[in-house]
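You will see two complexes here that share subunit A, one where it goes with subunit B and one where it goes with subunit C.
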Partner chain A sequence: MTAYICSTAQISSQEPLSAKWFTAPRECAERCCFSVDAQYGGFISPMAARRMGKLLKRAAATSLTALREASVEIPDAIIFGTGLGCMENSEKFLSAMKEQGEECLSPTYFINSTHNTIASQIAGLLKCHSYNNTYAHLGVSFESALLDSLMQFEAGRISTALAGGYDELTPGVFDLYEKAGFWHGVGKQGAAAGETAVAMVLSSEKTDSAKCGLEDVALCCGRPLPEVALALEKFLDRNGLHPSDTDLVITGRNGDVRYDESYTALVDSVFGNSKPQACYKHVFGESFTAGAYGVMLGAEVLKHGRLLSPYRFGTAETGTFERILLINSYRSRDWSFILLAK
Partner chain B sequence: MGVISAIGIGVGETLRSLLEGRSGIGRIAYLETSHCDLPSGEVKLNNAGLCALLGLDFKSDYARTALLGAVAVREALSSAGILEAFDTHTALVSGTTVGGMDVTERHICNDAEENTNWDFITRQDCGSATEFVTDLFPVFDFSTTSSTACSSAANAILFGRDLIRSGRYDRVVAGGSESLSRFHLNGFNSLQILDREPCRPFDSTRAGLNLGEGAGYVVLESERSVKERGARPLCLLAGCGNACDAYHQTASSPDGEGAFLAMNKALKDSGLKPSMIDYVNAHGTGTQNNDLSEGRALERVFGIGKVPPVSSTKSFTGHTTSASGGIEAVISILALQHGFVPSNLNFSRQMEELSFVPSTAGDTGCDIRNVLCNAFGFGGNDTSVIFSKTEESK
Partner chain C sequence: MEQLKEQLKRQIIEALNFEGMKPDDIDSSAPLFGDGLGLDSIDVLELLVLLEKNYGIKLSDPAESKRILQSIDTMADYVAAHRTK
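And then the complex of A and B:
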């Protein structure tokens, strides 16, 4: 069944909580796209804000904005993805343990270090007793949350859901992944580091504000590329589609030569080499949940019927946009496919 | 199904410990911590021993959560007869919150040196712990990780059930894994909710929980696949429910609203009446707050004087946090299969606030048809799962 994406809200390297990123994106720095924070006063009381790390503030602002834009007060489900959760808190508790040993530690950072802190704090803010879940699985964390959301609709349990992807880039995380060669370096190896804060409201009803339909989500993990291609063909087939039925493929290519090649190989093998393509990580940077920006882009393309040059990849002519396929991967290992329709 | 915890490696040893009332809680022997006097439910093998069980060469960079998970998943696949890759379209859904935190601790707190394999360090998150397991078994082409603190494994079972219900998968291995870590041992200690004595769930003198570790998984299979390959199911996953208490990040509401909603959702989902539940495997951590809140929720769901036999097997295993929903799912299914109510150890005095006492007799020869299993986590994340005997397994 189709669930409709009724609103999206982002805090990223782009103008926060605005839609300017779609028409006039800012250029992203080469090595890292740190997020530009919003003014949080309108969303959370100064008292509450003092107790919240930056990721929680971003989650509150994006969630409340997306809910307001979709005219939903209390969603029937809150389902988020996060690769690393509230890292700032985890790091602070770890360093306290390192510096002062195992005695007299304050629990504050510990209790806010679990990955589901984000989804449960939003539930607390809304006094929302609904279904609440969090996925933390590398580059398919957000996509798992989206799949869970869709399955909740399919089972007829919910009529609205708040889905989101959240990851922050602390100096510690940046350094660690830098040492492991994740970020842009010699010979175009590595991507620009990014952060994610994206919320979206899904509904079983095609409301006036609906941007597009979410048709299906699938994951494929730890398989060689030919099997990934088969899984993608099966995914399209399951949705009654031929590869030619999709008008645009949005990939998660991030500029890292070691992995971008596999997007090319996959798209070419399933769609041939003339399929219109788009990408977004050069604008938002790479993070475990960066795929959420791709869904946001797909939704706007379907709503406005146009794709602007900053997001185009390759030279294939685009026509009208009825169906968009999103392909994202974490280091060519965990793949996700998402189908959006007008 | 497959399980590993302080009371045994594998389903057989776990069952014997439960029937004999043998707790696995004791002094900490393997985790490097200054708190080794805190009673805890450690798995009685070091990482080298776990590697040996798996036929792997020992590496100090292996996360204990991943190793524990692999041991339990292998038993689950093997007992379901799908260890050999007759089909590669099987999903693994695992719950964890600690992930590879033990490895992170060793590197960060012990000042890692220059020659460190940084690539491996970046793979100490929750998802990487699951992928370690996925990679060991060729049957998996899907893996994801639910991370909702102590309800993680129970939520993995919910998600796994939906993968099957929606027709996306015919076989899903779902559950969770969690090792002890200095991080969360100190976290719980800083919250002052660790008992310095063996925990006493639902006792008026209870003074906190004992942490434990382990892993537990069930193999979920569609009716179609069960029939096709002539498999004999252990039981039916009859219903699931999750709700958010939306009260406090670490404390449960006094009236147990989230727990009440989760149990009711699971009952409604299963189509069973409360009176048809024969045993409740409670979350029952042994903290002042949880047991009162959960107890009140049980009274609200079942009615005063009508609460079925209840026990917390955390008195055997310790609180295995993210893995608890998986380990206790296995224990719930054992109770169904073997007709017994696992004993709630260390109980002596009834809580004044509650109308019921937990089951302590370890009754056997019971007719147990439906078991409700609770797992509640930080953030008020409350999940209930119901297992029922099938026609074949009655």
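And then the complex of A and C:
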């Protein structure tokens, strides 16, 4: 079953709610790609906005933009992925718990501290009473949301879905993850930190505005690299593909020498060393749901039939783009494969 | 009493995150819910937390809460008479 990606919208370190990221991306800063916020007044009423932290506002703006571009008013499903949810409000809630001895706590911060608050508040904003689900599976959260979307289409339960990936970076979270060695440090260990706010509308029908088809999604978690390679070969095989049938591999390389080597080993073992490749985390930064930017990139490459130099990785010549494979991993532990086709 | 009303207005603006609103923008006698300030059920919970946190007042009877939270005037009257801090 193929679902079609009809529209995408992003708020990231790039120009918000714009497509300039594809043609003229700004490279991520050395250690951190904080997002550039949009003007939210046109999307959310002041009464609604007062209860929303920045991630919820980004979710509202990206969701409403993607829906408008796809000419979908109310989707049949809202399925989001988030690694940590609304951290700004979660921190406020936890700080208040500590300072006030677990008493007199704000219900708003509590509501916003739950992972599924993003998808549910977008449903409230749209008055959408249909299927609503949130995946909080660290580095495969967005990919799990995409997999669920595809399964809902396959089961014939929905004909449109709003899928998305959302994560924010607070100074507190940045510091904690820095101490854990996630961000750029000595010897180029660590990635550039990023935030994610990506919404996309999927449809069972190939509309005029459709960017590409979403053919298949698979996860492979907690397995050693040789087994990941076998899983990838099986993934291609179940889609009737030989490794040479993919025109481009977009990987989740993030500049962390500890983990980028596993992408090299995996791609070389399955495709040889002459496969055209692309990457995107040097533009958007790393986050639990950064894989959503990869899907956005793949969709635009298939729509426009070109891959611009800022996203190219390696020297392999590219031809036409009919089929793209996305490979993403969370610290070489949890892997995801996504197949897109023109 | 006027000082207490001013304080309540400031605390409500902060707790309910009314960006750009000033105490003078809230009419002390106007209803806080419905046509007045337009607060809703989640705001009721925020106001109950505000009263407990700042004045040591715990309200558990919904009917009594509804009467007390009608306006800044009714809140200030109750706070002045029952505050423990």
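Quick note on the criterion: the second predicted complex is superposed on the first by the 342 of 342 C-alpha atoms of A that agree within 3 Å, B and C clash if a C-alpha of one lies under 4 Å from a C-alpha of the other, contacts with A are read in each partner's own complex, and residues count from 1 in each chain.
Quick note on the criterion: a contact is a pair of C-beta atoms (placed from the backbone, for glycine too) under 8 Å apart; a residue touches a chain by one contact, two chains touch by 3 or more.
None of the values given here were measured: they were computed from a predicted structure.
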Legend entry - Partner chain(s) touched by A:Gln121 [first = subunit B, second = subunit C, both, neither]: first
Inset, instruction - Tell me which partner A:Gln14 touches in the superposition: subunit B (first), subunit C (second), both or neither. - result: neither
Inset, instruction - Pick one for A:Glu154: touches subunit B only (first), subunit C only (second), both, or neither. - result: first
Inset, instruction - Look at A:Met97 in the shared chain and tell me whether it touches subunit B only, subunit C only, both, or neither; answer first, second, both or neither. - result: first
Inset, instruction - Return the chain, subunit B or subunit C, that is in touch with more residues of subunit A. - result: B
Inset, instruction - Classify the contacts of A:Ile111 with the two partner chains as first (subunit B alone), second (subunit C alone), both, or neither. - result: both
Legend entry - Which superposed partner A:Ser262 touches (first subunit B, second subunit C, both, neither): neither
Inset, instruction - Check the residue A:Pro46 against both partner chains and state whether it touches subunit B (first), subunit C (second), both, or neither. - result: second
Inset, instruction - Check subunit A for residues that touch subunit B in one structure and subunit C in the other, and list them. - result: 103, 105-107, 111
Inset, instruction - Would you mind writing out the residues of subunit B in touch with subunit A in their complex? - result: 33-35, 97, 99, 104-105, 108-109, 118-119, 121-122, 125-128, 130-131, 134-135, 140-149, 155, 158-159, 162-163, 165-166, 168, 182-184, 186-187, 189-191, 242-250, 257-258, 261, 377-381
Legend entry - For the subunit A and subunit B complex, residues of the former touching the latter: 78, 82-85, 90, 93-94, 97-98, 101-103, 105-107, 110-117, 119-121, 123-124, 126-138, 140-141, 144, 148, 151-152, 154-155, 176-177, 179-182, 218-223, 227, 231, 333-334
Inset, instruction - Would you tell me which residues of subunit A are touching subunit C in their complex? - result: 46-47, 49-51, 100, 103-108, 111
Legend entry - Residue ranges of subunit C touching subunit A (in the complex, touch as defined): 15-19, 38, 42, 45-46, 49, 52-53
